[in-house]
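Structure incoming, see below.
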Amino acid sequence: MSAITYSNARHERLARLARRATWRLAGGVLVLWAVATLTFFALHLMPGDPVLAILGGASGNPTAETIAQATREFGLDKPLAVQYALYLGRLLQGDLGMSYSQHLPVTQVLAEQSWATLQLTFSALALAWLLVLALTVLTAGRGRWVSSLASLAETLAAALPHFWLGILLLAVFAFGLRWFPPAGSDGWRTLVLPAVALAIPLAGFIAQVTRESLELTLEQPFVLTARTRGLSDTAVRFKHALRHAVLPGISLSGWAIGALISGAVVIEVIFSRKGLGRQLYQAVQAQDLPLTIGISLAVAAVYVLANIVIDLLYLWIDPRQQGKTA
Amino acid sequence: MSELTFETTLPAVRVQRTASRLRPGPLLAVTFLAFLIIAALAPQLFAHSDPLAIVPHDAFHPPGWAHWFGTDQSGRDIFSRVIYGTRQSLFIGLAATALAMGIAIVLGLLGGLGGAYLDRGVGWLLEILFAFPSLVLALLFVAIFGSGVGPLIVATGLGGAPGYARMVRGQVLAVRNAGYIEAAVALGHPTRRIILRQLLPNAMRPLIVTLTMGVGQAIVWASALSFLGLGAPPPAPEWGTMLSMGRDFVANAWWLTFFPGLFIVLTTLSTTVAGRYLQQRLEGRLS
Amino acid sequence: MLERSPHLRSQGRRSRSLLKRTPLIGFAALCSLLVGCGPDTSTVARSDKPVSGGTLVYATDREPTCLDPHVSGDMPQVFIGQQYLDSLVSMDEQGQIGPWLAKGWEVSADGLVYTFHLRNDVHFTDGTPFNAAAVKANLDHMANPKTQSSTAGGYIRQYRSTEVLDDYTAVVHLATPYAAFLEVLAQGFLGIESPTALLRSRDQNCESPVGSGPFKIVKWDRQSQVELVRNPDYNWAPPTARHQGPAWLERIVWKFIQEPSVRFASLQAGEVDVIEALPPESHEAARRNPDLTMLVALRPGNPTNGTLNITRAPFDNLKVREAFVRSADVEGALKSVYFNEFPRAGGALSSATRFYSPDFEHAQDYDQGRAAQLLDESGWTGRDAEGYRTRDGKRLQVHVVIGNRTPPSELTLWEQVQATTRKAGFELLVEQMSDVQATQRQADWDYDIRVGYWNTNSADVLRIVFGSEFVQPAGVGGYHQNTAGFSSPQFDAINQQALATQDPEQRRALYYQTQQIASQQYLQLTTYPQSSRLGIYKTTQGVRLEPSLAVTYLYDAWVNK
């Protein structure tokens, strides 16, 4: 009897989650369409003739015929509305156009560069959470000194700009101690310093929130109950309090994805790593329209998707939210 | 709240502390901020040499008595440059935050007061803006409008606006239904007056803290853009630009990048600590 | 972007193209010309015997946008090209032309017909045989406007057609006599590619070009590296090579590490074996490091400079130009920014250029007194509140247009020029913008100073940067190569005379005159010559710089590890 009720409730809950996911995905697609539109029109405001950017930039010094040919080839002679329609049509077929500066289809550039950035951002996110858990679970509510010291460390970490931290790590651990290679995109050794540079400030942010919520949770009655049942302090912290305390931190992870991608631009430049961030920076400098739009779209897609996942994860961990948000 | 669940762009806002005595941390933070403000207004009080004066044969002096922070590749005194750079860096941070807040108030009020359709529209706009990470948005902006201090401020401000807008909207929604607003409406006060006198001040009060901390974050983002060579052009002693110009020499002369970076960190740290202190005080008074 | 050097990434305007008649190719002066070079600099010669096998990791600053050097034609392309391409002819360190893929050749009396007798034992790494049809396909490819070859195509503007007489005899017809044809053919930019591969689309050929050289390209991992492996069949090395048969190295990993400090640190750590564009701030550390050797050579051509726009005020006045040049403390800047590792270039030609004369080295020496006097004479006598000179109420302002990818060190140099010319009363406004915007400003003549350089191996470069025929834009892309706007029938006539004669002494005398005119006119603030600078880790030996363009050549290199 009770099992059936449970299973019904569970079913109900899953169905609600699925409905929510569908809605969110539909919303995400609309957001992406808006992003594509916005970028497309915004970048057409860019000064300078895109044909010149296509034909080798400032020094290509192309002839009249090559300009005319490229203008036709890229459809730049058509009215903007037509270009937009063509662009959307191609977009639906998964065609993001040719990169002017790379002489490659944008999708291929994305395919080649995404993995390095994903690797970097996910290692950084994982490392950040590891640091957060280690720091907060072990120090929250442990008396004023420990607490304020840990809190100072978190605040400091959150105040460190990626680029400065990156340079310091580079100078100390790659140039000075030579523990890690200063550049490259192959192997875990090249990943360490960039991931740390991205993770530390992020960990600072997440830890501040998590500590706060953990300290509140530790004062909750159910924690006291658990303690009276004879559970060890560490067990209480990890098994009971943490589940509640990480919620704000997890919701922050959506924001974190954005922050990590922003940080990746700078970090990839500093560490001469391949990746979408550095590619975007170079595409912007080279006024490579299709590539800039393509990367922005890809980044937005990741962001939207990650937020949907986190949203659902949030609901899953804390069902109370469902009533609130439905 | 169908589409919005992540109200945190500046997560530190959520942090609350119970004690509100002026401990050494906040004291130091406020002192440092006061120092920065004085330095921005009257840099000559602290720095004795011209931040632009070039002395090629004095290049790359390590930190010492003559030059506290050493000299750069053109023999300029880095301490002077950092001090003189305060004005521009603080200005960029403040201006960008003000701009972000301006946009946020407009969007937030529209969303919070404009009825269901407008609210949904604003919600969508925010969602779209959120899909661009701040630096990506700023890069796009710089790609279109070029680099320089002006675009830098706008780019940084735009990057921060959606976060604030979401908070303003939330606050407006919360305050709108408060008793004193209903009372004012019942008394027949004109809408504009209610918005300006009642709604906005009350909605904004909790955001003051966020803004304080936001200035620090804005300085960090602006210097990231400068670091990428898209901000204030040299020889301006802007902190991010100094970092950018010094980074080729990090193996030979660490002080070129260390000190401007240190000031960015200290500024951000101080705004966070001071903001948090302010928050405790405000909450203490309110509750 | 067509960018010429690791040093000035932004100033792509200067193409190495359009050398109508390159006289005998001057070769790069080796390190002895450089102030403060290390003892072991010309070639890394250690007594160890070459070892076959192993991987050499090479790191350079810029990634090319296309691996085929025929397309556009930027320095990073020719550096890779030299490893996987062979040329029709070779050039030795004395500037003499020797055989390579062509065993021999005859030139017709009128200088319009070149008959090449080709090797019959060469094939490309895709199996295509090398023959007269391949020569035709290559020259046609470079000359085809669709290839958008500004370098190779520019060098052979006189090219009309190739006749395939038989499989191994190619007859090349030129429109006008072009004494330098063989010399330009020796350059990596005109390397011979597989005609089968050239049939593919331009973008495909950019991605994986095919040559007959000692290495072949296997993979281009964008933003990271290009991998090359040894061509096991290779048996047609040029006479200038130190050995015959396949290359010693099994594999080359050609990495792109943009940040100079990171690149040097990678070398110090032994993560890479050779780096190009050794940053000047690291020269001292490289010299002191027993694990490292340096290989440095100046590149010929027009040195790095700021060219003054003489078509508008204030630089339409010769006295103001000289005053500006004199008030810029370039020596001080070179000392602090480049650690005295770069020599001052005082004349319009780099000292590595043939027919260079040292007589004009001091025409630009720092002299504030003279600058002040000249400005007084030219009527800029007023001073405003900020100390800038004025004339008729107008401030003495000059605008430098700089692309936003200019490296920090170059910007610092201009910051220092800004600070020192200010003492004379100039307000120098450094305007950074995107390359496209900068080109637009150049096309509109809306600048007072443009920063650039032109690497090429002939004194004829002066005709391109100051000749009146180049005041007009070359393509509709907008920019003119004569950024000074200088136009003098006398100067043009001397250049034409120099192109018409083969007598070296006569040419020397004529090029002396063009250098003199350029110097007396103060058309440029010249700063330092371009250079190729390699740092080599102890594991690697036998690395050489190819003579005409000072390009890395790894065929004779080997690794001990």
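The chains carry the letters A, B and C, assigned in the order they are written, with residues numbered from 1 in each.
Operating definition for what follows: a residue touches a chain if its C-beta (ideal position, glycine included) is under 8 Å from a C-beta of that chain, and two chains touch if they have at least 3 such contacts.
Computed from a predicted model, the values in this text were never measured in an experiment.
Enquirer: Look at the interfaces A-C and B-C and say which one is made up of more C-beta pairs in contact.
Expert: It is A-C, judged by the count of C-beta pairs in contact.
Enquirer: Just grab the chain with the largest centre-to-centre distance to chain A, centres being mean Cα coordinates.
Expert: For chain A, the chain whose C-alpha mean is farthest off is C.
Enquirer: Mind checking the centre-to-centre distance between chain A and chain B? Centres are C-alpha means, answer in whole Å.
Expert: Each chain reduced to its C-alpha mean, chain A and chain B end up 22 Å apart.
Enquirer: Nearest whole angstrom, what separates the Cα centre of chain A from the Cα centre of chain C?
Expert: 42
Enquirer: Would you mind pulling out the distance in Å between where the CA atoms of chain B average out and where those of chain C do?
Expert: 45
Enquirer: Could you say which residues in chain C touch two or more other chains, in rising order?
Expert: In chain C, 259, 261, 265, 404-405, 434, 437 touch at least two other chains.
Enquirer: Taking each residue of chain B in turn, which ones touch at least two of the other chains?
Expert: Residue numbers touching two or more other chains: 146, 247, 250-251.
Enquirer: Spell out, as numbers or ranges, the residues of chain A touching 2 or more other chains.
Expert: 47, 170, 175, 269-270, 287
Enquirer: Using the touch definition up top, name the residues of chain A that touch chain C in the complex.
Expert: Its residues touching chain C are 47-49, 52-53, 55-67, 98, 101-104, 109, 112-113, 170, 174-175, 178, 181-186, 269-272, 274-275, 278-279, 285-287.
Enquirer: Which part of chain C faces chain B closely enough to touch in the complex?
Expert: 259-261, 264-265, 279, 281-282, 285, 329, 332-333, 335-337, 404-405, 407-409, 411-412, 415-416, 418-420, 430-434, 437
Enquirer: Quick one: which bits of chain A touch chain B in the complex? Just the residue numbers, please.
Expert: It is residues 23-24, 27, 30-32, 34-35, 38-39, 42-43, 45-47, 152, 155-156, 158-164, 167-168, 170-171, 175, 205-206, 208-209, 212, 248, 251-252, 254-255, 257-259, 261-263, 265-266, 269-270, 280-281, 284, 287, 292, 296, 299-300, 303-304, 307, 310-311, 314, 321, 324-325 of chain A that touch chain B.
Enquirer: Report the residues of chain C in contact with chain A in the complex, numbered from low to high.
Expert: It comes out as residues 1-3, 12-15, 59, 65-66, 72, 145-146, 148, 150, 202-203, 206-207, 221-224, 255-259, 261-263, 265-266, 268-269, 271, 403-405, 434-440, 473-479.
Enquirer: Quick check: in the complex, which residue numbers of chain B touch chain A?
Expert: Chain B reaches chain A through residues 1-3, 5-6, 8-9, 11-12, 14-16, 25, 124, 127-128, 130-136, 139-140, 142-144, 146, 216, 220-221, 223-224, 227-228, 243, 247, 250-251, 254, 257-258, 261, 264-265, 268-269, 272-273.
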